[in-house]
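Consider the two complexes below, in which subunit A is the common component and subunit B and subunit C are the respective partners.
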Partner chain A sequence: MKWINTKNNRPVRIKDVPEMGMDELRSQIIRRCREGRRVVSFFGMPKGQSTAIYAVLADDDASRLYISSGLMGKDRRYQSITPEAPRFHIFERELFEDTGILPEGHPWLKGVRFGHDRADRESTMERYPFFTMKGEEVHEVAVGPVHAGVIEPGHFRFMCQGEDVHHLEIQLGYQHRGVEDLMIRNYRRSGIHLAESIAGDTVIGHATAYADAMEALAGTEISRRAQSVRAIALEMERAAIHIGDLGAIANDVAYLLGNAVFGVTRTLVINTLLALCGSRFGRGLVREGGVVFDFTPDLIKEFREKLNKVYRDTELMAEEMFESASVLSRLDNTGVVDAEAARNIGLVGPAGRASGFSLDVRADHPFGIYRFYPIHKRTMNSGDVFARAYMRYIEIKQSIDFILEQFESIADDRPLMQPLKKHVPDSLVVSMTEGWRGEIVHCAVTGKKGGIVKYKIKDPSLQNWYGLAYAVRNNGISDFPLCNKSFNLSYCGNDL
Partner chain B sequence: MLETVINILLLFILPFFFLGLINRVKSFWAGRQGPSIIQPFRDFIRLMKKGEVISTTSSFVFRIAPSVTFASVIAAGLIVPLAGGKAALSFEMDFILFAYLLGLGKFMTVAGAMDTGSSFEGMGASREVAFSALVEPAFFVIIASLGLISGGLSFEKIFTITRGGDMAVLVLPLGVIALFIMLLVEGCRVPVDDPNTHLELTMIHEVMVLDNSGPDMGFIVYAAGMKMIVIGALIANLIIPNGIPFWAALASFLGVTAALAVVIGTIESVMARLRMTHVPQFLLFMTAISVVIVSTVVLFISGGIK
Partner chain C sequence: MFEILKIRKNQGHQAIPDVTKAEIRRPFRGFPSLDGSKCGRCGVCREVCPVGAISAKPLSIDLGKCVFCGDCERLCPEKSIVFTNFHKIASTSREYLIVDGSKTADEYQDGAVEARKEIKRIFGSSLKLRQVSAAGCNGCEWELNACGNPNFDMGRFGIDIVASPRHADGILITGPISANMAPALEDAYMCTPDPKIVVLAGSCAISGGVFQGSPALNREFLGRRKIDLYIPGCPVHPLTVVNGILRFIK
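Let's turn to the complex of A and B:
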């Protein structure tokens, strides 16, 4: 047995995870990836004097997760997996930065977030080894880390030939807060608050992933009603952000009508969420062991009315916008990521689905109420800004339909909240959630007494940032903001 | 004398209302109440009271650029007849001076932008110059054709062309369309540029003035509004018949200017901006119109069209 086979939110004993030499793990991973499995988590953990590398691969068709581990030799280096399976590039960079283990032959070994506890103190943001390009008509444009507008910090360096972008290099890390470490130290008191703050626009997504992980480790199954409430909130979050993004895309092409209407509609969605839990972003709703707020019949009535209006308004505006020739001429064939590139980069979420790469945790590795009410995956093929925008429109409608369906069938069982039992000791759980941006992965490992000794978070932004860099190649530099909005990635989700 | 004074007053007052009206139209389309119509004036006063931040890497060019630009637009404005067909200054071939006064203003803005050494501003400068180079020839062709019809070589005389007749029916609407495109380019409006965007990488005009602040910024905004009024006046002169009483001419001038603001605001609300690579095609459309105008005029004069 080279791999242990498990599922989303099903803990495994650490001692049951196969252990092998790093070279063997590498060839195993490459073989499995060729068979169609993909990496969802890859991290190192101290084991005795050495370090064990854990790899979690997903088989999406079979809804299975495969976990294995490799023990690092004394030289703390191994042959990089990236040249064989490009999707590993960011995971290996992260591993290198966190543990100092060198993946030899990695084509692009640079820091990811420059945390205070990084292995190589010599590598700093000031000395980031940017790619350079030489030539008479070549020029570089540096944007950020301070931007014109209230957005998060990040540095973008464009290597341009006239107005055309040859390559974009994105250097992040300015938002690094050490969430994973804080989580290990403080999860008992404030784990859920930390989870809610991983990315401010994915409160429900990360909180659900965290809560699912904790419940799985405690062996607790929360009530069906609580599962429904979580899923409804998750879909509300998805609808709200997607509507906001359509507005932002409209704004970037100076289509004011779209910006105005979608802006109003988004506010209606988040204000409706406010009526449920007192926070427009859903803070304080999801807790370990269930949810804190419940739907009363009146509230369900209010939600139905508001959401029907949101559905109508979004449909009206989107149909108008996606039929406007001037808008389409900006969106079509801008920032194309073809299916093969999307697969290699490992794009997740709507960005991946817009490139024909159908991944959706809700369908592939269903969690919570999605196990009983599955979502149909939708994909598009063109992989351009239009596809990413239209994908959002499709998902907004899908989310609202899902919520309305839930109201018809919401279970009436209790309790909404139940106390968690003690965590099972020496176990590893992988908790995956489909946030609005894509696949969120939380891996938690417990120690001898059941306390958490390792917490690994993967926000969908981690992989998708490279997708953005790829999308703007050979596009006009003036189309970058549009490509950027069509991905709308998180800085702090990447930086943790 | 009174007419000239009123015209000069219009030149200085109208830019604020013009910008204010565009913003109101845009807010109407967006379903908002929108800012007061004199908000641009308040903004101007606010900027005048502010201090300035000047980059240590820039030279005197950066400091004089906004003032020179502003002055050149005022000078250009004095040459163009606003209401009533009389300009404050008028002489043979004044339209050439007009074009190059606007050119001087643009040159100084570009020089000031390059002076800061910012890569954004360099990019904006290159775009601005490229697009202006496409607009300028078309402008000369149109004005020269109108001059051919009327036999005059100054703005005042050029615009005395008769509005009746077969030729005018063809030439005037085309001229209005071409000059309107010029208004959108020079005024940095959608679909060529987006005056509201905060995205440095997509800007044309706005990115060149990123480093300006305080009174200099006030001059830049004021000059941009005035430029639109001046080019709008060219359009108004094509539309409004001559020989009507001054007060009627004044009223129709104000009407045309307001209509232009409404049209610009509406365009900005209901259509997206062009992709940067499509802007030259849009400008070539203006050139194409000017070629049609000049051919029509030549054919008529030579008797090719009866």
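Let's turn to the complex of A and C:
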């Protein structure tokens, strides 16, 4: 057995994870990736004097996860996997930055987030090795870390020929807060609060991934009702951000009516979420063992009314906007990521689905209530800003439909919250959720006494930032804001 | 054309008519009402508080640290901590943010923002701020953006967030201030012309929030500068922001 086979939220004992030499793990990975498996997590943990590298591959059609490990030799280097399986590129960069283990032959081995605990202190943000071009017509445009709007910081370096972007390099790391490290040190007291703050626009997505992981390690199945409440909140989060982003896209093409209308429609969604849990972003709702707030019949009635209004208002505005020639002329064929590029980069979430890459954790590796009420995967083909925008519109309607259906069938079982038992010791669990940006992966490893000794987080942004850089190639630089908004990636999610 | 008119008509008038009178519905967690006399000193609140915001003698909560998670309220067996939906909690003083139940929400608000003549004179009818997110998680950033949307519309009071620090009267900071962002924050501050103010929005900016104590932070900037206004929240609510700034400049 070269791999141990498991599922989303099903822990495995560390001793049951096959261990081999790093070279063998590498050829195993390459073979499995050729067969259609896909990397979802890749990280190192100290083992004796050496480091063990853990790889988690997903078989999406079979809802299976495969885990294996490779023991690092003394030279702390191995032949890079990226040239054979390009989706590994960002995972290998991350591993290199965290551990100093060198993937030889990696084509683009640069820092990912410049964490405080990175292996090489000499690798600093000031010394970032930007790709450069030379020539009379070539010029560079540098933007950030502080941007014009109210957004998180990051640095963009455009290599332009005239108005056209030949290459965009995105340098991140400004947002590094040391979340994974804090998680291990403080999870007992503030694990869920940290999870809610990994990316403050994805509170429910990350909190659910964290809570699911903790519950799986404790062997606790939370009540159906609590699962439904989590899923309803997750879909509220998705609808709210998608509506807000449609407004932002409208703003970027100077379609101001769209900006105003989507802005207030989003307000209605998040104020409705506040009516449930006291926070417009769903903070304080999800806790290990269930949820803290419940739906009363009155609240269900109010949610139904508000969401029906949101559905109608969104439809009215979106149908008009996506008919408008002046809007479409900016969205169509802008920032194209074709299907092959999307697969190679490993795009996840609506950005991937807009390029025809059909991945959705809710359907492929269902968690919580999605195991019983599956979501139908939707895709588009053109991979441009239009597709990424229209995909959001499709998903807003899908989310609202899902919530309204949940209200028809929400279980009446209790308790809403239950105490967790002790974690199983020496185990590893992979917990995946589908946030509004796409696939969120949390890997938690317990030690001898059941305490968390390793916590690995993957926000969908980690993979998708590279998609944005790719999308703007050969586009006018003035279309960058539009491309950027169509992805709307998380800086914090990348920098952790 | 008719569709657009239909949309406009359907939307009606969306701005909150008087933001100083608007309320946030329950169960929003704002100003906590504390009753130390009920407290049985079991210590549960201090054990569960993720940020160490609670002190025992007397029972008090530091709103600069609190992330308004509500866990203490939920788990307190004596109901000695109850969060009200009162949102006007911004203050010009860091110490003032520590509340112990001796003031009602209205009394708290009365003394929270120190009126300074020169501030009103210089910024009273126009305040332009440069927002710097220094490892803010995008919660406070979304809410600061919302301050300018058609609902809250703080632009009608002459309060705006501008694109360059050179156009600004001050810096509005969110996030716990990562070491990787500290130099850029300093640059933005230095680029802002005098006289200038510094506003901290959100529990992370004020105290480090859930990230306090992380070796990845560098909060030295705050030690070097005078802070003019503290706006608590996790994230800050737009009405807390708008009312806090209005009290400060009007």
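Assume the second predicted complex is superposed on the first by the 496 of 496 C-alpha atoms of A that agree within 3 Å, B and C clash if a C-alpha of one lies under 4 Å from a C-alpha of the other, contacts with A are read in each partner's own complex, and residues count from 1 in each chain.
The definition used in the following text is that a residue touches a chain if its C-beta (ideal position, glycine included) is under 8 Å from a C-beta of that chain, and two chains touch if they have at least 3 such contacts.
All figures in this text were calculated on a predicted structure; none of them were measured in a lab.
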Subunit B versus subunit C as contact partner of A:149, first or second or both or neither: both
Contacts of A:370 with subunit B and subunit C, given as first, second, both or neither: neither
Subunit B versus subunit C as contact partner of A:198, first or second or both or neither: second
Contact breadth on subunit A, by residue count: subunit C or subunit B: C
Which of subunit B and subunit C A:139 touches, first, second, both or neither: first
First (subunit B), second (subunit C), both or neither touched by A:275: second
Touched partner set for A:178, first subunit B, second subunit C, both or neither: second
Which of subunit B and subunit C A:479 touches, first, second, both or neither: first
Subunit B versus subunit C as contact partner of A:257, first or second or both or neither: both
Where subunit A meets both subunit C and subunit B, residue numbers: 148-149, 257, 260-261, 264
Of all residues in subunit A, those that touch subunit C in their complex: 114-117, 125, 145-146, 148-153, 173-179, 181-182, 186, 189-190, 193-194, 197-201, 203, 244, 257, 260-261, 263-264, 267, 271, 274-275, 277-281, 283-284, 287, 292-293, 313, 316-317, 319-320, 490-492, 495
Contact set on subunit B toward subunit A in their complex: 26, 29-32, 119-120, 122-123, 190-191, 194, 196-202, 268-278
Touching residues (chain side subunit C, partner subunit A) in the complex: 3-4, 6-8, 10-11, 14, 24-29, 48, 50-51, 67-71, 74, 83, 130-146, 149-151, 161, 163-165, 175-176, 178-181, 184, 188, 204, 209-211, 214-217, 234-235, 237
Sites on subunit A touched by subunit B in the complex: 139-143, 148-149, 163, 250, 252-257, 259-261, 264, 324, 326-327, 329-330, 334, 476-481
